[in-house]
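Each structure below is given as structure tokens.
Each of the next two complexes has chain A plus one more chain, namely chain B in the first and chain C in the second.
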Partner chain A sequence: MSTTNGKVLNRYHVIFLAQSIMVGTGILSLPQKLSSMGYAQTFMPLLFGLLATLTAFAMVWLCSKFPNDDLFRMNEKLLGKWVGRLINFLIIIQFIVFSAGIISNYMHLIQSTALQEQTITLPVLCFLLLLIYIVSGGIKSIARFSVMTFFITIWIIYFTRWAIEKGDPSHFFPLFNFTSKEFFEAIKQGYFSILGYELILFYFPFIIDQKKAFRHSLIGIWISIFLCFITTAISVMYYSEWQLKRVEFSVLNLFKAGEFTFIERIDIIGITLWVFLILSSVTAYVWCAKRGVDTLFTKKKKQNYPLYVITIIIFVIIRMPFSREFQEKLFLASNYVGYLIVIWPVFLIIIYTLRKKQVQV
Partner chain B sequence: MRKKRLCIISFFVLVLLVGCSRKELKVPLEDVGMVDSMAFDYIDENQMKLTVAIPQYSPEAKKNTQIFSITTDLVSSGIVEIEKQSDKKIVFNQLRVVLVNEDFARKGDIRKIIQHLYRNAEVGNKVLIAVVKDNAEAILKADYPDKPSINFYLNNLLEPSINTAFNPNTNIHDFMYTITNPVFDTVLPFIEKRGEKLEVNGVAVFKGNRMHELIKPEEALVIQALSGRKNLAPLHLDLNAGHGEEKLMIDLIESTVKKVSNKNIESPKLTIFLKIKGTLSEYKGERESQLITTESISELEKDVNKQLEKNIGEFLERLNNMEVDPAGLSEEFRMYYYGEWTTEKTRDLIRKLDIKLHVETSIISTGTLK
Partner chain C sequence: MNKIPEQIVAKIKQEIDKVDDVKLKMVATEEGDVTVIYFSSLIEKMTLQTMVTIPLANNLKQIHQMAQYVDPKDIQGVVKKLNAGQTLLFFHEVNALLSVDTYSAPTRAITDTETESTVIGPQDAFTESLETNISLVRRRIQSSMLKNENHIVGSETNIKISIMYMENIVSHSNLDDLRNRIDQVDYPLFTDISVLKQLIEDNPLSPFPQYYMTVRPDSICRYLLDGRIVIFMDNSQLAIVCPTSFFEMFVSIEDYYNRWTTASLLRMLRFFGFFLTIMITPMYISALTFHPEILPYELLLNLQESRSKVPFPPLIEVLFIELIIEVLREAGSRMPAKVGQTIGIVGGIVIGTAAVEAGLLSNILIVLVATSALLSFLPPIFLMSNTSRFIRYIFILSAGLFGLFGQMLAFAWLIHHLLSLKSLGTHYMTPAIPRKPTDLLDNVIRFPTKYLKNKSGISKAQKK
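== the complex of A and B ==
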């Protein structure tokens, strides 16, 4: 908490924090995650957007009842000291594993496409150093970084031009051609791609204009949803159903459709730029984890060492000597726990209404 | 003070630790052999002959292309074998052309090898695929004295150009897209070697994963027109409509196609509206002196329409009897079908398909001479 004691986030920060945290590695493999629905997946991101709007409303409503507390303190206040602390501890672990999952996913991508002859230890180290640098600047530096990320990366949409030219819009039809089983499978696999907006539970106390926070984060959320929608729509136009299912990072293959005479692998540009998106979402998660550690052990506040510990844990998780299978399972589990955190505020709201009198702030 | 000490210590640690680093394993650029063309020849079910062509940049070498040939069962183990013969490390970043001989396309598993390349992230999307008559290895190994090298020649030959617009220019994505999409049957350009020249003289139509039929360029042009390509190759027509034998050539400027289906897969009916615009570039026949008024030209247009409708209709009839759908006509029915669409449905539908054709030609000009 070196520089961020007061309220520091203006409306642009709120918009782009919500937006940039959501676009992590998720969007890269979104069409593949939704592929159980085949061509009918096009409009799924819009449905996700509705779900996100509803859950974000619950979050902001809860936060507005505790304008100066983040979720860690709310847990303690609402659930009692010990249960609250236990939950907080689990949340911290969740965030650490989740960040490790995002980084590991990205490094796996780099390994399989860009740097095939190298181990990923060095890239991971460089990445984590940058991460420490940004996080130690506090939430404001993360927010500024998010704004920058958006404008640095948004233009790569241009590279999907050739895929649109080649694609066949008739793939959108027939609309709603799926069974309920395929639909739930797609929600289960795909919703994780748009996780990230739930972090408003943690940076809400730092927002200057808290009354409009909901509107601002909604703008951010729908920018991301729109990007996801573009991604799935173009993928559906460009691929066959078989390809949707099998091509792991379909967005990168969309870039490959590019036809410049002077550059062969546009996807490499895409991957390397993607590091900004990964950084902006991971830094936010790590910052939240660090806040959590600060609230759990409140003795010495102004120190940075929890951050270093967290970073080391992340490094160990990514490079841990466990099998790839165990890692995959761990990250998958943390994705599902991510869903829990999205629903958690609803649970807290119920408790809040029940114990309203006891917990007046 | 502490910081100063830290700096000094880390400086020494860095300097001393350099000795522990391993030797750089990366291959320098001049030792990388970038494969430009690959060729696959069928031997039997398990074996194939793999040939790769790598440009040779060294001025001391007599030939400007290195060719390696090996008999193998897997693509990657073949590459490992080739690396044993080669002085360079084989990479696929610059792969441009994959040739497959006709036997392989008819009997072998071409999908498997292309899928192998598609999986490889090194391989770009510009890889063009073609089927070759007889022997693909011989095409790479032959001499083309008036061409810079086989790699450039093949690549330029297969790339889109207006006079070979019947050529589907199938690249690696198109191939995977059409072969995995139940509403399409893959088409690949067909190359034949004639003396010192190569010639794209047809298009190979696939049925499922195997090559099924070789069709002529004029017919392949129809496939391109029906699948919505805007710029087409010049159209050559023989007319016989009450004015004796007539021959004409139309340079196509633009073509648009609209397909309307009756959405019924039990008794499928498809109406195709094809509009083509073009210039009459050459004419030989009875009406030559009359073709100066707009009336006579519009009459000619009508004859052309009739002739085209007949030609295209016969060709589509033939495709329907073969149960192949290279133009993706069944997509017009899949768009309205709820449930999973399968290849069997396409075959079934194409067999029953009843096609009505409306061709509308407009000849915009006949040149500047009256």
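== the complex of A and C ==
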């Protein structure tokens, strides 16, 4: 297994880590999340891309000041030991809940499309076992998995061919037909689909070529943004405004437009193949959570039991006896906390500039 | 003074007590009495005559030129030499022990390869003799840079292995790594090189073979010149190549003899065939058990009609026929060759058609299973085709559990497992990201020969 000591991530790893973590379940429902803007949503992903570029710049700038520390250590150094630890603890909880949210969403989707006659307990268990197997290989193993994920899943785009043929490009116009309230609603609802690039705050110390890390992760970010753009553009072409609001997983329905003589429902193949994308993003989050636990509690590194504990917590969150409404509220809250983590580096930069002389790099 | 030689001979006699193929002879020569000791089973009579008996009688100078002096006090060393097929000469007058290399155990002639035959290209294959194998390589690479180091492995078998590499190309860190691993091997018996292979592999628990094994000298030469390390073992026909990547398990040396178009086509067939063979029958299970809506109405009707009489769920049906195929395959390979083929074919046809007519299996499934069984024999490395058989069962079971989702989970496991495997410290699945851009020229598509001058990335060859 690859070691987690020292620098292990080359440029391809950085590109595809950023790319694969961003594409999770979010992209599946992106057109619905943006539907407050109606047909004008087409170019929203590009705006998100700009926002992501700005925040990613802040993140990498902060990281470059602490080339050997991840966010957990930065928090401790900049905010003092106890405040930093408290924040770290919150971040760990956030990551666990967030991963549980991704898995839970995906599993319910699987249950509604592919496995109608089963409960999700056993599939979730198998999924989590695979998760442990991948995460215990370290960040490099996750990165290599992300690279393969990209090449294994990218051909799904081909199946949107029929939707493009049947769609109507005139839906794109007029371009700016929305109010500011609709606009901010769309940002609030939709931006979480492209969360994931913030994890560079945690794997930055492992990057070999740290000077070019920003450029490489930008490539990855913009690949994902481009995929999101394709999604919204095709959805806008294919659906009516009413459908955009009501159809939850519009991407899956795009696949249904396909016509083969030997396969009827391409969406089932698509959604099951999506497990690669889910795995690559969840493994990264869980890996970060595990590193957080390592810095918080244990002194000896390279032990795997925090990972087992994290997975058990995730399992309990997904299968806990609370109502589905409560779960959804919890996961939604964790999405909004996710926005906080994106903005967090800006706050840290301010503190850094204030305390520059006291902090030892 | 006169007693010491007798003591030594007596000690040797004691060591080789109850070994009846050891011969002891007293010969009188110009320089006094000589005791000749040798293993008659390891030495041909002709060799003994020309190397020892005739020179002893006529020309003692020749003996002195050929022979090596041995320290008579080191009894263990003396016995080892004896076991290695050398003839010991004890000169009583001068109290000296000499040994002459007369090893000439009967060996097989060089024959065609039966396991890796090709239509184009040289047909000779390695034999079980280390000397012959090395000679087969050395006559193809006539360079002093081709080194071979001998080691002895196995505490009881004492078998000679030879590590071969090109001094000017090979990566020395790889070489040191391999030597270390071989030094650490502690295992008594080596009956074939595959035993050694399992002991020095990076992950012995994995179902995947991590080193290439072949009996073809031309293939070995290609890898040697690419900077790989090759291991031969005495009494073993196969040779190991390390490190090797996952993709190279699907490469046959014939690809380089064919036109590049044909070669590329065949490579695609083999490579994607591997993924097809593990996916076809599980697909049948998931489509029929969990997602009948995935199939168009007419096709579904067709399928349902063919298995309308079948009493089992698809999972049992598939496991049943797959096991029958395994049984046929195993029986076919264990039976004496003359009976084997007839029984295999007849058994296959009879069981196949009879099972369908009896309503135990659907005939569409028979077609799928036969296809996937044929596809599993595409990889030129037999170990890989065995692996694909094993992996298929994992996929079948996971498809039986969760349908397509289970299949994709298993696929993710497979991809991750392949990604985390290593071959001699190098990543096994190198083509995921090619180590060098030029690797892509010799990948699923084999480019025309003039572009294939570069060493591959996995061998970490020295730069010139």
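Criterion: the second predicted complex is superposed on the first by the 358 of 361 C-alpha atoms of A that agree within 3 Å, B and C clash if a C-alpha of one lies under 4 Å from a C-alpha of the other, contacts with A are read in each partner's own complex, and residues count from 1 in each chain.
Here, a contact is a pair of C-beta atoms (placed from the backbone, for glycine too) under 8 Å apart; a residue touches a chain by one contact, two chains touch by 3 or more.
Everything numeric in this text was worked out from a predicted model, so none of it was measured.
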In the overlaid three-chain picture, which partner chain does A:V275 touch, first (chain B) or second (chain C), both, or neither?
second
Which partner does A:S112 reach: the first (chain B), the second (chain C), both, or neither?
first
Go through the superposed model and pick first if A:A56 touches only chain B, second if only chain C, both, or neither.
neither
On the A-aligned overlay, A:A257 touches which partner chain: chain B = first, chain C = second, or both, or neither?
first
Which superposed partner A:F173 touches (first chain B, second chain C, both, neither)
first
Contacts for A:Y239 in the overlay, against chain B (first) and chain C (second): which applies, first, second, both or neither?
first
Just chain B (first), just chain C (second), both, or neither: which does A:R265 touch?
both
Please indicate which partner A:P123 is in contact with in the superposed arrangement: first for chain B, second for chain C, both, or neither.
second
Tell me which partner A:I92 touches in the superposition: chain B (first), chain C (second), both or neither.
neither
Going by the touch definition up top, name the partner, chain B or chain C, that contacts more of chain A.
C
Just which bits of chain A does chain B share with chain C as contact spots?
117, 264-265
Any idea which chain A residues touch chain B in the complex?
38, 112-113, 116-117, 168, 170, 173-174, 177, 238-243, 253, 256-259, 264-265, 267
What does chain A use to touch chain C in their complex?
1-2, 10, 12, 110, 114-115, 117-118, 122-123, 126-127, 130, 133-134, 137, 141, 144-145, 147-148, 152, 260-265, 268-269, 272-273, 275-276, 279
Which residues of chain B touch chain A once you look at their complex with the stated criterion?
25-26, 93-94, 121-122, 124-126, 173, 176-178, 180-181, 331-332, 335-340
Note: in the complex, chain C contacts chain A through residues 290-291, 293-297, 299, 398, 401-409, 412-413, 415-416, 419-420, 427, 429, 432-433
